[in-house]
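Next come the structures, one after another.
In the two complexes below, chain A is the common chain; its partner is chain B in one and chain C in the other.
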Partner chain A sequence: MTKYIIKRAGIAVVVFLGITLLVYVLISLTPGSPAEMMVGGDLSKISPEKVAEVEKQLGLDKPVFVQYIKWLGNVLKGDFGTSYKTSKPVIDEIIPRLKPTLILTITSTIISLLIAVPLGVVSAYKPYSAWDYISSALAFLGTSVPNFFISLILIFIFAVKIKLLPVSGMYATSANQNIGSLIVHLILPMTALSLQSVGGILRQTRGSMLEALHGDYIRTSRALGVSEVRVVFRHGLRNALLPVLTVIGGRLPFIIGGAVITEQIFSWPGLGSLMVTSITGRDYSVIMGITVFIAAVVLIGNIIIDICYGLADPRIRQSRT
Partner chain B sequence: MAEDLLKVSDLVIQFKTKKGTLTAVDHVNFTVKKGEILGLVGESGCGKSVTSMQILGLNPKENTQVPEGEILFEGRDLLKLTQKELRAVRGEEISMIFQDSLTGLDPVIPIGKILVEAIRAHHKEISKKDAWNKGVKVLESVGIPSPEKRMHEYAHQLSGGMRQRVMIGLALLNDTKLVIADEPTTALDVTIQAQILDLLKKRQEEKENSVILITHDMGVVAEMTDRIAVMYAGMIVELASTRDIFTDAKHPYTQGLLKAIPKLDQPDNEKLYIIEGTVPPLGQRGDGCPFANRCEYATERCRNERPEPHTDSNGHMVRCFRAEEQDKEV
Partner chain C sequence: MAKEKKDSYLKDAFRRLKRHKLAMISLAVLIIEVLIVLIMPLFYKVDPNANAGVGFYAKPSAQHLLGTDQVGRDVLARVLSGGRISLLIGFLSSIISMVLGVPLGLVAGYYKGAFEQIIMRLTEIFQTIPTMVLMLVLVAIFSPSVPLLIAIIGVLGWTGYARLVYSSVLAVSQKEYVESARAIGEKDRRILVKYILPNVITPVLISFTFGIAGAILEESGLSFLGLGVQMPQASWGNILNSARNITVLSAYAWCWIPAGVALVITVSAINFLGDGIRDALDTSIKI
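Presenting the complex of A and B:
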């Protein structure tokens, strides 16, 4: 198992290098340059000489690949560069933003699991019942309605009409950062984000649970007089969880990607909103820094899912040793 | 004469499908006496598994209906039990051994935990540790070497024969009065088959419980059983002592089954005997004898009228007009 994890980590490093290279090249291909932004003022009146001078200062006049190698070398030393916009080190821009994003994505993943898995089990236990149809319809709705739309509806109902929850932000005031205030502010963005994942996880749970419940080992357990609750959860669900893990693993990038939009709408001070402002500001070094972190979160998340596979299924655990 | 442990009378089992209601088991009658091994023989789809599964109420509830019949176990009608009462019977009074032990054992739970769960499903008073120790003893008693080690292993780590031994161990855990063995050796190779049958027989002699042995292997029933019920297309067409079935089979289907057993002294150039044709599918069985389309003696009457069970003075039951007439002539 340890050997397997090391192998997976090795692959993750290669993928990671690929991602950063690709994003680096794509950014340098986009029109506009940070130099123009730094010189400032009306674009038509900027003197090209001045822009070229700033570009030279930043090292942007060199070939893309040379720039990338230089950037990568610095990253390996722990230096993510400085923000072109605020002149602060990139790492200082990102670290305070990482926590809010992780709070939002992790809680919404847990919430969507807590909603989707039990509903999926119930649907599979009584397939084609009224309950099954209702939960399928809701799942379909949650998956197909765009995230931003759900967010706006939630804000309209709970913040504007009922005035039960705050419209946006993470705390009531920046001076008073207590957990109660955090939870109240977290509810709406978390709900919006989790509703999107509920559908996929629910359908997968239902499908694999339906298959598991038709397994011969379920019949064996029943024939031994094992209680129905144990038959369904201990034998059925344990066996059905593996495909569910796959879906969660596959959803990781979407959960984090979806967070970008959700964070914008709810002014959640996470990586997503930092990313949007740095893209519009052509703040290359910050964009690259965020790319590194998001890629790392997704890759590490996938390795964790992989380890969970082994924990859930002894057959996989064995084939890996 | 030993007492009846199980008495199945006029059992009808139907499945609701999109094509309508299909009758899989049609007025089946048989008894299992205390300490007896009854063989239930027939080809795939004849209703032998469906019948045995119904005894424990294991047919899928959503589409199974039992419009007629009784399954009396020690005088109690199992068909009328609530789910909770039925659960108390399963594994405690009647247990079942299934055919495929690879898919029949939960792949993600170690053998030991499956055993502990099965013991504690009926005996909450036994601690987990005691149940574990009992599990080790049970594995030992069904001939599994180094049982302590096996307790920690998973189904896929055991060989087919070992897994089937575990299945038998599970069925024998709580000293049930009736064991239903549904093709317990079909998935195994021949040498292992003999070992498993030996084990079943030995345990049955020790505990003096009753066994329903379901199989399509005439060789197996010959060695194992006291009486044999032959099923065809949802009906029991012949029921008699094992000796009578092998020496004096009356139904043309049973005769065909016996003729189809390959013999060692058969000339090399002689083809194996087969019963021509196939079982009529569910829903197309008509009013006549279900075997009429394959029977060499079939008459007009056989095609239009269903033979009723006819029992001779020796208790040899057969459902066949021809056999009935021959009996009268004697």
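Presenting the complex of A and C:
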């Protein structure tokens, strides 16, 4: 088990380096150097010497790969550079945004599981029943309706027509950050974001549950007179949940990608909103910093899922690889 | 002999597809939609990018069937024009993804070794970082334009095809006819094209269908954020962007609902059609 986790973590490190290198190189291709941006103002009035000086200061005269290594070294020390726009350290821009994004993405993942897994189990237990059709319809809604359109409809219904829920921000006032206010503000963005994952998880649960319920061990348990509830949940669902875990792992990037849009619509003060502001403002050091954090969130999420997988599947737990 | 068998397989698949009611309805919807966005502008001669001269937020009327938007442009003309762009981006970028991903998957699965390691690790990297985030970074670097969007969405879509083809190739490579082809000394390229490629076409075709829907959703998401198709050119996503204004959202439903409905109908029809094709070809792949 330990070896298995170490191996997965090793792959995660490689993938992490790959992602950051990729984005770093892409950003270095940007027309117009960050030095010009930092000097600011009217470009025609700035002497090329001044730009060259700032470039040297920033180490931008070195080859991209050397710059990347230097940047990576700084990141490992917790130094993500300075925002070109606000002149504040990038890390100070990012840290306060991390919690809102985690709250939004984690709660929506949990909600989508709570909706999708039971529906998937019922659909697989009674295929082609009314429940099966209802859940297929719901799955389709999630995969075919973009989350921003769902968000707009939700705002239209719950905030405009029946003035029930707030549509923007995380708390009613910044002075009064209580949990009740948070929950009320969380409902709409969380619903919009979770619906997009319901489809995939539901289909996978239904598929693997159907397969599990046809397993020999299910027939054996039934023949031995094990109660139906125990057969379905203890023997069926437990086996069916493994592929579901894989699906969630694969969906993490989409959940975070969806959060970018959802946060923007609901003015949720997370990494996604910061990302869009930085993209519009071409604040590359912040963009780079956010990429690091998003990649880290996805990779850590994947490792947690791998560990759950290992815990749930004795074949992995006991293997020595 | 071989040709006859192939014909009957395709015929069989078509027959099964025709029985799939939802898929046939979806196909009809899509064909009608493509015809509408292509042909209707010939009859409905309203400039989608110019003020229609009836004021801002004009209610739907006989002259302007879906009314006008926040700057007085005809909404129907914009939904049609946006539809052309969204469908074009969806279709072309999916082709790019397929053209990139299929050969890479073939090579990784057939030659294994270093190719396999590099290509498969690359797919992991690309699948870990949210496509949305990478697209935003690319849009920030190069200013957004329609060709750029097609290129970005297309290039970033290669991983799905590569993984799909890779796993199909692994399965097919073990088959006896591939081994015997290798034994009689057929060249690798010939084996790949003649014996392996035909076996992976079915799952690729299914993926391609779903890929178009995915690409349309990605484009509309970017355009919705204002970072995709740029004004004045309409796209379903950037039309919906206007509904982020709470007044438009609550009082001028005709400005945004039509584009949203068009988007949902298109994406669901493509997905239903994809489902139908999958059932008709009845492969063992799971998506």
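Note that in this section the second predicted complex is superposed on the first by the 285 of 321 C-alpha atoms of A that agree within 3 Å, B and C clash if a C-alpha of one lies under 4 Å from a C-alpha of the other, contacts with A are read in each partner's own complex, and residues count from 1 in each chain.
Keep this in mind: a contact is a pair of C-beta atoms (placed from the backbone, for glycine too) under 8 Å apart; a residue touches a chain by one contact, two chains touch by 3 or more.
Owing to the predicted nature of the structure, the values given are computational and were not obtained by experimental measurement.
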Notebook entry, point to check: After the chain A overlay, clash or fit between chain B and chain C?
Noted result: fit
Next item on the list: Once the structures are superposed on A, label A:239 by its partner contacts, choosing first (chain B), second (chain C), both or neither.
Entry: first
Item checked: Which partner, chain B or chain C, touches more chain A residues -> C
Check: After lining up the shared chain so the two structures overlap, which partner does A:312 touch, if you call chain B first and chain C second: first, second, both or neither?
Finding: first
Next item on the list: Go through the superposed model and pick first if A:220 touches only chain B, second if only chain C, both, or neither.
Entry: first
Check: Mind checking the angle chain B, chain A, chain C on Cα centres after superposing, to the nearest 10 degrees?
Finding: 80
Check: Between chain B (first) and chain C (second), which, if any, makes contact with A:299: first, second, both or neither?
Finding: second
Margin query: Taking the superposition on A as described, I'd like to know which of chain B and chain C A:50 touches: first, second, both or neither.
Written below: neither
Checklist line | First (chain B), second (chain C), both or neither touched by A:70 | finding: neither
Checklist line | Contacts of A:15 with chain B and chain C, given as first, second, both or neither | finding: second
Next item on the list: Minimum C-alpha distance between chain B and chain C after superposition, to be given in whole Å.
Entry: 15
Next item on the list: Once the two structures are superposed, pull the chain A residues common to the chain B and chain C interfaces.
Entry: none
Margin query: Help me check something: in the complex, which residues belonging to chain C touch chain A?
Written below: 121-122, 124-125, 127-134, 136-141, 213, 217, 220-221, 224-227, 237, 240, 243-244, 246, 249-250, 256, 260, 263-264, 267-268, 271-272, 286
Next item on the list: Spell out the part of chain B that touches chain A in their complex, as residue ranges.
Entry: 56, 58, 83, 87-92, 95-96, 98, 100, 103-110, 117-118, 121-122, 154, 156-157, 167, 170, 173
Item checked: Complex interface listing, chain A residues touching chain C -> 11, 14-15, 18-19, 22-23, 26-27, 29-31, 140, 143-146, 148-149, 152-153, 155-156, 160, 167, 207, 250, 253-254, 256-258, 260-261, 264-265, 275-276, 278-280, 282, 284, 287, 290-291, 294-295, 298-299, 302
Note to self: Looking at the complex, which residues from chain A come into contact with chain B?
What the structure shows: 215-217, 219-228, 230, 234-235, 238-239, 312-315, 318
